[in-house]
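Read through the structures below before going on.
Note that chain A is present in both complexes that follow, paired respectively with chain B and with chain C.
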Partner chain A sequence: MRWSVIAWRCASFVVAAGVIALWQLAADRRLISPVFLPGPDRAWASLLRGFTSGDLLTKLTGTLTHMAYGWLLASVAGIALGAMIGSSKAMRIYVAPTLELLRPLPVSAIIPVAIAAFGLNQSMALFVIAFGSLWPMLLGTIHGFAAVEPRLYEVARVLHMSRLAVIFKIALPSAAPDILAGMRLSLTVALILAVVCEMLAGLDGLGQWVLLSARAFRSADLFAGVMLLGIIGYITALAMGAAESRLLRWQAARR
Partner chain B sequence: MRERIKPLLLPIAALLVFEAWMRLAAVQSDSLAPPSAIALALADALADGSLLAATRDTLASAFAGLAIGGAIGLVLGVALGLSHVLSRLMEVTIEAIRPIPSVALLPIALIALGFGYRMEIAIVAFACVWPVLIVTRAAVGGIEPRLIEVARVLRLTQLDRIRKIVLPAALPRIVLAFRLAAGIALIVAVTVEIAINPLGLGAGIMTAQQALRPDLMLAYLVWIGVTGFALNAALTAAQQTLFGRAALTDDNA
Partner chain C sequence: MAEPALALVQSSPAPAHAQIAFDKVALVLGGKAIIDTISLEVAAGEILCVVGASGCGKTTALRLAAGLYQPTGGAVRFEGEVMRAPRREIAVVFQDYGKALLPWRTAAGNVSLALETIGMPSAQRAARIAELLAKVGLAGHAAKYPTEMSGGMQQRLQIARCLAQDPKVLLMDEPFGALDAMTRQGLQDEMLALVASTGATVVFVTHDLEEAIYLGDRVVGLLPHPGRVGLELTIDLPRPRDQLATREHPEFLRLRRALFDFIKASE
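This part shows the complex of A and B:
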C-alpha cells in the first residue's frame, strides 16, 4: 500500500517534470516571445544569481517579515476580540451581525484609506495586512465559540468556573478547529496583501521586485520572483497544515 | 421586532458618535470624513454616473474572469474527478501552481497584455480556476458509485455519462464552488485595480485618495462593501432557490 503511494508520487513528479520540459521547449522554439516567457533554465539561473550576488534574499525576508508581523498581530487581536465577543451572548447579538455585514468587503479596498492615513510606508503595510488577516480569524473564533457544546458550559457553571477559566479551558480548545481554519485562510490573505502593499509603496519585498523586473522587461528575474512567491505560499500552507494536525490530534483521537 | 433592532444599534450609534466627533472637534483630515459628507459624496457620484460606470467595469472584468477561470476549473475538475489515474498524475503539477498568489502574476500580465480589461480578466481567471477545480474534483469523485454503474449498464457514451449523470449529481456543490469563486473574482478584480490597473472601482478609490477627497474615497469604500455584500446575498439566494435546503448542507465543505 505504502509503495503504491510512493510510486504514484514519483509518477506525478515525472508529469510535472514533463510540463517543465514542455515549457523549456516552448521557450527554446520561441513559440512565445522570450520577453514574456523566459525558459525555466533562465528563470532558475536568475533565481540562483539573485540569491548569490543579488538582493533576492533581502526581498524574500522583507516579504516574509511583512507577512509575519501583520499575521501575528491579526492572530492575537482576532482571537482576543473573537473570544470577547463569542463568550458573551449580548455581544453576539449586538456586535456579530455588524461584523458579518463587513465580511464580504474586499479587504484590499482599505489600502487607499490606509495610504491616506499613514502614507506610503511600513506602518501602512502592517495595518493593511493585519486588518485583512483579522477577519477570517475573528469570525472563525466567534463561530467556534458559538458552536461549543452547551453541556460543556453547564458543566462549567456547576463547577463555578470563572469566565476566563471557561474561555481558556473549554471554549478555546473546542473552538480550535474553527480558529485554525481562520488562521490558514488569513495566511493566504496576508501574502496577497503583502505583495500588493510592496508594489504600491515600493517597500523592500518580492512584490516590489517582480513589479520592477516587469517594468525593466527582465522576465527571468520576474519569473524567479513569482516562483519564490509560489514557494512561500506552498511552504506556509504546508506548515500551517502540519501545525493544525498536531494541535488537533487530541480531537481526531476522540472521534 | 426588538430582536431585529438590536443588531442595528451598534452601527447606528457608531455613525452618530463618529459624525458628532468629526463635527464638534472640527477634525481636518485627509483620511476621514463625517458620515454625512460621505453620504453626500456617494449620492453625487451615483448621480453623475461615474460610480455606476466604475461598478460596471469592475463587475464585467470579474464575471468575465469568473466565466473563463470557472470553465477551465470545471473541465479539469470533472476530468480529474472521473479518472483517479489522471488525478494522481497531475497532483504535483497542480500543487506547484496553485499556491502562487494571483497578484504575483500581475507584472507578467502587465507586460504580456498591457493595462486594461484583458490583464485583469486573465488574473481573475487564474484565481477562479482553483476553488472550482478543487470542489468539482471532490464532488465528482464522491458521486455514488452505483450511478456510474448505471451509466455503464446503459452503455452511455463518455459525453452522455458526464452530461446526464455526473454533472447533475455534482451540480449543487459545483454551484457552491462558483459562488465562492464569484466572491474571489470581485476581491481579485478590485485588488488588481487598486494595485495597478486604471479601471473600475479600485482605480476610482485610488483617484479619490490621490485627489485628497476623503469623503469620496470613503464613499467608494462603502460602495465596494455594498457591491460585495449584494453579490454575496444574490448568489446565496440564487443557490437556495435552485437547490433548497440541499444547498446549505455543504456550505462549510
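This part shows the complex of A and C:
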C-alpha cells in the first residue's frame, strides 16, 4: 500500500522530468526559434536572476496578495451568503433565478464594468477576483446547507440547541465537504483573475511581468513568470488538499 | 375489517400522577386525519410499548410526545404541563441511527454534543463521556467515528447521547428495527438494565410484537387510518425478564396470541 504510493509518486516525477527533457531537446534543436521558446535552462537562469537581482519577488508577492485577498473576500461572502440562502427554502426559491442569471456570466464581461466603477486600480482587481471566485463557494455552500440531514435538525431541537450552535455544530460541519470543494475551485479562478487584472490594469504582479516580457521579446523572463504561476497553482492546490484532508478526516473513515 | 369485534379501550382522563398524558389528541395533516382522538397516559418509570400495523401513526404519536409535532386537537402534557416544544427531559432515540449521529464527530464527540448543549463545563465532560460510553458498552471506542462502527454500536452510541441529556423520559422509535436478531436481543436486555438503573420512563414504538411484550409493562395497540387506540394490555410478567424463560412463559404466549389476533384483525 505505502510502497505503491511511493512508486506512483516516483513515476509522476519521471513524467514531469520527461516533459522538461523534451522541452530542452526542442529548444536545443531549435525546432522553435529561441526568440519564442527558450530552453528550461535559460528559463531557470532567468528565474534565479529575477529573484536575486530583479523584482520578481515583488511581482510574486503582488500576485499572491491579489489572489489571497480576492479569494478570502469571496470565501467570507460566499460562505455567509450561502449559509443564509441555503438554510432557508424560501430564500432559495426567491434568490435562485437571480443566481442562475449571474452565475454563467463570464467574469471577463464584468471587468469593463469594474473598471468603469473603480478605475484601473487594486479595488477593481479585488472586486473582479472576488466576484469571479465567489460562485463555486456560494453554490457549494448553498448546496451543503440545503443538504443537511433533516434528522440532525430534529436532534438539535430535542437537545434545545441554540440557533448559533446549530449553525456551527451541525450545519457548517455537515456542509464542510461542499464548501471546501468550492474553495478549491475558487483558488484556481482567483489565480487566473489575478493575472488578468494585473495585465489589464498594470498592477504589480506576475501578470504584468509576463505581459511586459512578452512585449519585449524576453522569452526567458516570460517563461520564468509562467513557470512561477504554475508553481503557485500547484502549491496552493497542495495546501488546500492538505487542509481538506485534515478537516475532513471523518470522511476518510467512511471509505 | 373485523374492528367491531375488538374491545375498544377508551382511557379515562389523565390522572395527576401521569408523566406523559395524551388528552384527546388529534392530528390532521393536509386535510387527512393521521391521529384521531388518542387519550393515554404514561406513569413515571413505566415502560409503555406501542405496536400497530403500518400507517397506524405510531411514529407520529411518538413525535407528538417528543414535542416535534403539535397536535391539531387536544393536548399532550408532560407532568401536567402542555408541551409546546421539545424539552430536554425527554430524549428521543431515532430508528435511523446512521442519520441521527454526527458523522464528523467521534463517539466521544457525539456524546459531548448533548453535554455541551446542557452547558456542562468542558473540564467535567471527559469523565462523564467515559462513564456514559462505558454504560452502553462502548468504553474502548471513544475515538471511533460512527461510520467505523457496526449498526448495534451506533445505536448504543445514540442511546449514550440520549442518556447524556439526563432524561426523565426516553422515547424510542423502533430503535432495534434495523439490527439483526442476536444484536437486537442483546440490546433489549441492555436497555432494560439501563432503564432499571436510571428509573426513566420509556415509550417504545416497535413493529415486533414479541419485543413489545418482552420489554413492556403495558402494550398499546393502535388501529390504522386514522391512528387510534384499539387495545391495551397490561404485561404481568416477572422482572428481570429473560430471553428464554420470559418468552416461554404461558402468560407471554397468551399475550402474544392476543396481540397477533389484534394486529391481524386491524389490517
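What we mean here is this: the second predicted complex is superposed on the first by the 238 of 255 C-alpha atoms of A that agree within 3 Å, B and C clash if a C-alpha of one lies under 4 Å from a C-alpha of the other, contacts with A are read in each partner's own complex, and residues count from 1 in each chain.
Basically, contacts are C-beta pairs under 8 Å (C-beta built on N, C-alpha and C of every residue); 3 or more make two chains touch, one makes a residue touch a chain.
Given the structure is predicted, the values throughout are model-derived calculations rather than measurements.
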Let's test your reading of the overlay: on chain A, do chain B and chain C clash or fit side by side? fit
Is A:Ser174 in contact with chain B, with chain C, with both, or with neither (first, second, both, neither)? second
Contact-wise, after the overlay, does A:Ala11 reach chain B, chain C, both or neither (first, second, both, neither)? first
For A:Ala77 in the superposed arrangement: first (chain B), second (chain C), both or neither? neither
For A:Leu64 in the superposed arrangement: first (chain B), second (chain C), both or neither? neither
More chain A residues in contact - chain B or chain C: B
Is A:Glu154 in contact with chain B, with chain C, with both, or with neither (first, second, both, neither)? second
Touching A:Trp250 in the superposition: chain B (first), chain C (second), both, neither? second
In the superposed arrangement, which partner chain does A:Ala146 touch: chain B (first), chain C (second), both, or neither? neither
Could you tell me if A:Ala165 is touching chain B, chain C, both of them or neither one (first, second, both, neither)? second
Is A:Val95 in contact with chain B, with chain C, with both, or with neither (first, second, both, neither)? first
Distance floor for C-alpha atoms, chain B against chain C, superposed on A, in Å, equals 18
In the complex, the residues of chain C that touch chain A are 66, 68, 85-88, 90-92, 94, 96, 99-100, 102-105, 113-114, 116-117, 144-145, 147-148, 165
Touching chain C in the complex, chain A uses residues 149, 151-152, 154-155, 157-161, 165, 169-170, 173-174, 176, 248, 250, 253-254
Along chain A, where are the residues that touch chain B in the complex? 8-9, 11-13, 15-16, 19, 35-36, 93-98, 101-102, 104-113, 115-117, 188, 191-192, 195-196, 199-200, 206-207, 210-211, 213-215, 217, 219, 222-223, 225-226, 229-234, 237
So, in the complex, the side of chain B touching chain A is made of residues 3, 6-7, 9-11, 30-32, 88-93, 95-97, 99-108, 110-112, 183, 186-187, 190-191, 194-196, 201-202, 205-206, 208-209, 212, 214, 217-218, 220-221, 224-225, 228-229, 231-232
